[in-house]
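There are two complexes below, and they share chain A, which is joined by chain B in the first and by chain C in the second.
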Partner chain A sequence: MIWDAVIQPFADFGFMRRALLGCVAISLGATPVGVFLMLRRMSLTGDAMAHAILPGAAVGYLVAGLSLGAMTIGGMIAGMAVALLSGFVTRATALREDASLAAFYLISLALGVLIVSTRGSNVDLMHVLFGTVLALDDAALILLCSLASLSVVTLALLFRPLVLECADPQLLRSVSGLSAVTHFVFLALVVISLVGSFQALGTLMAVGIMILPAAAARFWATGIGGLLIAAVAVAILASLSGLLLSYHYSLPSGPAIILVAGLAYGVSLVFGPAGGLVARALPRRHLEA
Partner chain B sequence: MTSWRPTLRLLLLGAGPRLAGAAAIVALLWLGFVWATSSPGAP
Partner chain C sequence: MTAALTFRNLTLGYDRHPVVHHLEAEIVEGSLTAVVGPNGAGKSTLLKGVIGTLAPLEGRIALGGINRDDIAYLPQQSDIDRSFPISVRDLVAMGLWREIGPFGRLRPPHRDRVAAAVSAVGLTGFEDRPIGALSGGQMQRVLFARLLLQEARLVLLDEPFTAIDARTMADLLGVVRRWHGEGRTVLAVLHDFETVRAHFPETLMLARELVAHGPTAEVLTAENQFRARTMAEAPDPDADVCERGAA
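Here is the complex of A and B:
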C-alpha cells in the first residue's frame, strides 16, 4: 500500500525522480534564503525579484530559443540589474528600498510581458510563468544542483553577518566592513535562488517554495538554526507530497507543491507551538521563582 | 573606524562546522543527482 502510493512512482519513472531531485535542490538552496528574506521583513521582495527576472529570460529565449543556459543567464542579468540598481538608489538617495525595488521590478515586469507576448507563443508564456517540474532534463538538474550548492556554501560562509544584519544592521555596520557586501551577496543569492526555482516552478510560483515553508517554520521554531531546519523539512515534504498528489490525481505539479506548502502554513498557523493560534489561546504558565 | 580583524573574526567564528555541514549537504545532493539520472526505469 505505502509502496504503491509513495515509493513506486519514484522507483518506476525517471521523470518523477528528476522532479523530486529538482525540488529537493530548490528546497536546500532557495528555502533558507526565504528564511532570511522573512527575517529581514523582505518577503515581498522575493516576489518582486521573481517578476524582475522575466525580461532577461524572455530575451534569452528570443536569442537562443528554448535554451536553459541562455534563459538562466538572461534572468540572472535582469535580476541582478534590478537588485543592484534598487540597492544603489536606496543607498544613494532618500528613496527607501521597498519603493525603489517596486519601481524597478514593475518596469522589468512590463518589459518582460511585452517581449514574451509580442515575440513568443502562448505555450512559451505558460512555460515561463508556470515552469516544467516534470520535464527536468540532465542540464536543468545540473543547473539546479549547482545553484543549490553555491547557495548552501555561501550561506554557511556568510551565516553570522547575515544573522547580524537581520538582528541589528547598525551593529554590523559599526563592527565590520561586511554590511554592504553582505547585502549585495544576499540579493545575489535571492536572484540565484529564483532563477533556479523558475526552471521548475515558473516565475509566478518560484517564490512560493521560498516563503511559505519559511512562514510555516516560524510557528515551530524560534532560533535561527531551528527555523532553517524546519523550513527545509517543510519544503521537502511539500515537494514530495505535491509530486505524489500530482501523479495520483493528475494535477498540475507546480501548483500542487505550492498548495501543500500552503496547507503546511495553515496547519502551522493554527497548531504551531511558537505563537500559533491554539498556543496563544491556551492559558500560559506563570513563571515561578 | 572599521578594521579587518573583527570582520575576519565575524566570518571565521564557527565557520568550520558550518562549512563541513554545507559540504555534507552538497555531497548528498550530488549523490541524489547520480541516483536520479542513472537509476533504471522509464525516463
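Here is the complex of A and C:
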C-alpha cells in the first residue's frame, strides 16, 4: 500500500527520481535564503525578483531556443541588474528600497512579457512561468545542484554578517565595512535561488518554495537554527508529497508542490506551538516567575 | 593631555541647513564628557558626525590616533529588529565582532567574557531569552553589555538613560564610571543636569553653536542655560549662504 503510493512511482520512473532530486536540491539551497528573506521582512522582495528575471530568461530563449544554460545566464544577468540598480538607487538617492525595487522589477517584467509574446509561442511562456519539474534533463539537474551547493556554501560563509545585518544593521555598519557587501551578496543569493528553481517550478512558483516553508517554520521554531531546519524539512516534505499527488492525480507538479507547502503553512498557522492560533487561544497557566 | 577628538570649524547639517554650526572644541583623551543642550541643538548630529554616518558640510573631525572601529556607539533609537529570533547571549556576543570578525570561532574565553558582561549589567539569568521578550530597560542593559565587550577607546552614548528607571540608571552609570576608570574617552548626550553634575566632570553645552565647554560646574550656569534656550531652532528657508570661516 505505502509501497504503491510512495515508493513505486520513484522506483519505476526516472523522471520522478530526477524531479525529486531537483526539488530536494531546491529545498536545501533556496529555502534557507527564503528564511532570511522573511526575517528581513523582504518576503515580497522575493516575488519582485522572480518577475525581474523574466526578460533575461526570455532573451536567453530568443538567442538559443529552449536552452537551459542560456536562459539561466540571461535570468541571472537580468536579476543581478535589477538588484544592483535598485540597491544603488536606494543608497544614492532619497527613494526607499521597496519603491526602487518595484520600479525596476515592473520595467523588467513588462520587457520580459513583451519579448516572449512577440517572438515565442504561448507554450514557451507557460514553460518559463510555470516550469517543467517532470522534464529535468542531466544538464538541468547538474545546474540545479551546483547552484544549490553554491547557495549553501555562501550562506554558511555569510551567516554571521547576515544575522547581524538582519538584527542590528547599525552595529554591522559601525564595526565593519561588510554591510553593503552582505546586502548585495544576499540579493545575489536570492537571484541564484530563483534562477535555480525556475527551471523546475517556473519563475512565479520558485518564490513559493522559498517563502511558504519559511513562514510555516516560524510557527515551530524560535531560534534561527531551528527555523532553517524546520523550513528545509517542510520544503522537502512538500516536494515529495506534491510530486506524488501530481503523479497519482495527474496534476501539474509545480503548483501541486507549492499548494502542499501552502497546506503545511495553513496547518502550522493553526497548530504551531510557537504563536499558532491554537496555542494563542488555549494558553497554558502562567508560571510563578 | 592629548585630544581624542578635535572639532575644527565643524559644521554638520541636513540639506545645507546647519545643525551644528562652526564648532571648535577638543575632547581630551580619557575624559568623561556630557553633551547637553535643548532639543534640536545638534547633540545627536554631532555623534553621527563622529562615527562618520554624516559627512561634515564644512570643517573636520580629527580622531586623535583612534581608528574608526575603535569607536563604540549607542544610538538614541537603535535599528535593532526586536522581533528577530536572537537570544540575549548572542546579541551581546556581537560586541566581540572586532576580535572574532565574520568567521572567527567563539572560544571559551570569549564565552566567559560574554557571561561577565551580562552579569556586569545585572542580566544574569536572561541569557537565553529572546530579545523580543525584554523590557525597554532590560534592552538598554543588553546594549551596554555589548558596548562593554567592544572595549572601544571612544564610547559615544546618545541619551542612554532616557525612559530608564533609577536602579537601572545607577547600574549603567556604574558601567560608565568603569570605562572612565579604564581610561576610555566617553561622550554622552544627556538631559538631566542632576546626573551630569553628579557623574560627569566635563560638559559641552551646544545650541547649534558652542555655548560653553569645560568643567561641569562652570558650564552649567544659569546664564549659559538661558543662552542655550534662546537659540532659534527652526531652519530658515530664506537663509543666506554662510560666509563665516570660508576664507
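In this text, the second predicted complex is superposed on the first by the 287 of 289 C-alpha atoms of A that agree within 3 Å, B and C clash if a C-alpha of one lies under 4 Å from a C-alpha of the other, contacts with A are read in each partner's own complex, and residues count from 1 in each chain.
Throughout what follows, a residue touches a chain if its C-beta (ideal position, glycine included) is under 8 Å from a C-beta of that chain, and two chains touch if they have at least 3 such contacts.
Keep in mind that what you see is a predicted model, and the values were worked out from it rather than measured.
Judged by the touch definition given at the top, the superposed model places A:L171 against chain C, while chain B stays out of reach. Touching more residues of chain A than its counterpart among chain B and chain C is B.
In the overlay built on the shared chain, the residue A:D138 is in contact with chain B alone; chain C does not reach it.
Shared-chain residue A:L157: touches chain B and chain C both. Of the two partner chains placed by the overlay, only chain B lies in contact with A:F13; chain C stays clear of it. In the superposed model, A:S149 makes contact with chain B only, not with chain C. When the shared chain is aligned, chain C comes close enough to touch A:I224, but chain B does not.
After overlaying the two complexes on the shared chain, residue contacts for A:G262 are found with neither chain B nor chain C.
In the superposition on the C-alpha atoms of chain A, the part of chain A touched by chain B in one complex and by chain C in the other spans residues 157-158, 160-161, 164, 174-176, 178.
Put simply, chain A touches chain B in their complex at residues 11-15, 17-18, 20-21, 24-25, 28, 138, 141-142, 145, 148-149, 152-153, 155-161, 164, 174-178.
Residues of chain B touching chain A in their complex: 2, 4, 6-7, 10-11, 13-15, 18-19, 21-23, 25-26, 29-30, 32-33, 35-37, 39, 41-43.
For chain A in complex with chain C, the residues that touch the partner chain are 39, 157-158, 160-161, 163-164, 166-176, 178, 221-224, 227.
Against chain A, in their complex, chain C makes its touches with residues 51, 53, 69, 71-73, 75, 78-81, 84-87, 91, 94, 97-98, 101-103, 130-131, 146, 150.
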